[in-house]
Amino acid sequence: MLVLENLNAHYGKSHVLHGVSVEVRAGEVVGLLGRNGVGKTTTLKAIMGLVRRTGGRITFEGRDLTGVPTHGLAALGIAWVPEERRIFRLLTVLENLRTGLDRPGLDERKRQELLEKVYRHFPVLRERRNQAGGTLSGGEQQMLAIARAMMLEPKIILLDEPTEGLMPRMVSQIREIVHALHRDGVAILLVEQNVPLTLEAAERLYIMEKGVVRHHASAAALRADQRVIHEYLGV
Amino acid sequence: MTPRPPTSYWIVFAIVLALLAAAPLVLPPFWQRFATEILIWGLLAMSSDILIGYTGMVSFGHSAFFGLGMYGAAAALVTVKPPSLWLAVLYGLAGAGLVAVFVAYFATRLRDIYFAISTLVFSQIFYVIIFTWTEVTGGENGLTFSQPPLTLFGLHGARFTPVTFHWFVLAVVTLSYLAVRRVTQSPFGMVLQSIRENEPRTRAIGYHVERYKMVAVMLSGLFAGLAGTLYAIQNKFAAPDFVFFVVSGEVVIFNVMGGMGTLVGPFAGAAFFLLLREGLSRFLTEYYLIPLGIIFTLMVMFVPQGLLGFARRALNR
Amino acid sequence: MDQIVIQTINGLVNGMVLAVVASGLTLIFGIMDIVNFAHGDLMMLGAFVGATVLGITGNFWLALFVAAIVIAMLGVLLQVTTLRPLIGRDPLTTILATFGISLVLQKYALWQWGPTVRKISEPVSGQFALFHLQYPWYRVATAILAGLIIGGLWLFLKYGKYGIWIRATTQDRVMAQAMGIPVPLVHTAVFAIGSAMAAASGVLFGPFAGVTQTMGSDFTLRAFIVVVVGGMGNLGGSILAAIFVSLIEAYAALVVSPAQAVIVSFVVLVLTMLFRPTGLFVPTPK
């Protein structure tokens, strides 16, 4: 469904991605592992059209994404949950969610359904719906960021380090929502530092180093033999 | 700046200087005067380039320095008899220096658009004071006075003719240009440019950024004041119109059109603008600013390096 | 004492008109990081368009409406042709480009309408006694109308679908795009709204002092002062600042000439920039 072929990208003058090839099939959870600064986040940003692509191709459901503006990706079914969460801090929780609901072809009933669905997953967002996004705790902001992405009814979510800096209780909530999304048939490209979580949630994994993919294997294979992970991640 | 062989630079410099010196001898009176004016406005624009092009601070208030230079010269020429050229220059510089102290104080604390607005506001403060303080400044009508004779090394020279005045201006402008060029190429100038490129890093390296900015503003203000003094002497008047921020805007236009951060560019920009104005206003009268404003906006968008930068790139190709 | 009451009312009325101009400017700055040097000129053009329509139809309210629409369209044209290509460039570039636009608009107005002052007659006649003065009802009506415009803007931003888009884009342009909000379109729309508000205030202000092609730069400067004093991009702050600055100028005019009273607001501006660059009316952001 989402295919990155030999993707190259630049930040200003520095060359940060040197030919990344990754594929995510429909409904699949794919992990992207690697140490800090190897280009995992940049890969997601490149898909979102936020860094300068200088080579290679990105296709989504067979369609070349070159020339598609960032704001056109949501309609195609691509949602992004950035590492910094990027909550609209002065908007209330409900308004944050509304940014993904005010799109054409969505009637009031459907909107309510979508809201109810995320409120079921994250009851705390219902309680805080009239509170400014910036006043939420880190974990709540993470939930809001995921919930906001879910408003777009995406076919794929690019999930960037969702558990970073969260308490264990929050981490298990994130784990649950990843499973729930998976059950609903939403594909996920998961960038994580949390190896056990990724091994459990993902079906396949890519391991990156210095702007390229070094290793690619099924999660089952990596669970059975974790030497590769030790080698690249030093954990 | 791209390093270039110094000999070829000085050859070009000498040729341009010779052409400028010969200009009044061959030009009809109207264009004689015009050439002198280009030099004066070019000097003003160059002074602003120290801030815009080298330090990355946009001044929308250079009319204040220029205008106070004019009124300073006027003060000397109106009050002191017989009128003295050098006293006029001294007073003019003092006037501009006074404004520069104010602006320099704020320059150290404000950045980007805040600096631009504060310079604009300062020039307007001085404009309002000059415009409304009729007893001293002549208000709307300004001040008129007679031109001082040229005195040099104690010799009592003759009255200025348009040609000798042009040479006098050319000499002052040339010396100013060489001085500013020297400054911008000195270690001090390098620090200014590094402030333009990255102020926090410059500070982190250990430079006292505030002091450098202050000196840059003082320097810029004094040369702008010098231009104002020359203009007052040429025209034998000082008027509030020249303190108004429209003049500051023109100075910025000169810089953009000619090429910021080149020192020579502002002269080219002033010449280009004034010639264009002259040509366009023949058949468009005061509406010349409509096409000129469009040209300016297009240059900002598509030729941000200005005429000089554009020419340089075209030549290198 | 009488004088103080009169000047308070004058300051409030002028402040409300200024608030309409400045809220457009601050909205545009907040969302696009563009300092629009031509904002006052859009107001001036709006006033001229209004005066022309009034001259033809004799209907003030129609003039107000047409001026707002025409200038909004002009704003769209300017934004798409000049400012959209410059987004993301050095802020200096947009300052210079809008400065160029300002020159063109001013001289265009001079060419089109000439140097004489145009009168816009008051749609609300009548006066009421205020101490020794006969105070025109129109001024009071203007303040109320300006308040309605600002209130409408506030409601739109707070509850409207596009209002939420605007606020989201202002806070995080990139994330707004990722949520599918067509940010370039939002930018253009905000520029159009700001332009329309400038035009409306131009028509409202017209009966006070007439319309000239130089009123633009005067109001650009005033609006700048207000926007900085209120906190760049902060709508509520700008409105309070507009009233605050106008009141101060009105009181200063009791002591010095109105031309000199401007200096007082300059001083307020400079002090704000030095000591509270985030604006007078907001707590310093964390």
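Order of writing sets the chain letters: A, B and C. Residues in each chain are counted from 1.
We adopt the following convention: a residue touches a chain if its C-beta (ideal position, glycine included) is under 8 Å from a C-beta of that chain, and two chains touch if they have at least 3 such contacts.
Please read these numbers as outputs of a predicted model, since none were measured by experiment.
Q: Using the mean of all protein Cα atoms as the middle point, what chain has its own Cα mean nearest that point?
A: Nearest to the common C-alpha centre lies chain C.
Q: Using each chain's Cα centroid, which is most distant from the centroid of subunit C?
A: Centre of mass proxy via C-alpha means gives A as farthest from subunit C.
Q: Quick one: subunit A and subunit C, Cα centre-to-centre, how many Å?
A: Their C-alpha centroids are separated by 42 Å.
Q: Between subunit B and subunit C, what distance separates the C-alpha centroids? Give it in angstrom.
A: Once rounded, the distance between the two centres reads 33 Å.
Q: If you average the Cα atoms of subunit A and of subunit B to get two centres, how far apart are those centres in Å?
A: 55
Q: Multi-chain contacts in subunit C: which residues touch at least two other chains?
A: none
Q: Which subunit B residues qualify as touching subunit C in the complex?
A: Residues 58, 106, 109-110, 112-114, 116-118, 120-122, 124-125, 128-129, 131-132, 245, 249, 252-253, 256, 286-287, 289-290, 292-294, 296-297, 300-301, 304.
Q: Taking the complex as given, what residues does subunit C use to touch subunit B?
A: 35, 82, 85-86, 91-93, 95-97, 99-104, 106-108, 110-111, 217, 221, 224-225, 228, 257, 259-260, 262-263, 266, 269-270, 273-274, 277
Q: Using the touch rule from the top, collect the residues of subunit A that touch subunit C in their complex.
A: Interface residues on subunit A, with respect to subunit C: 48, 50, 69-75, 79-80, 82, 86, 88-91, 95, 98-100, 102-103, 148, 152.
Q: Enumerate the contact residues on subunit C facing subunit A in the complex.
A: 161, 164-165, 167-168, 171-172, 174-184
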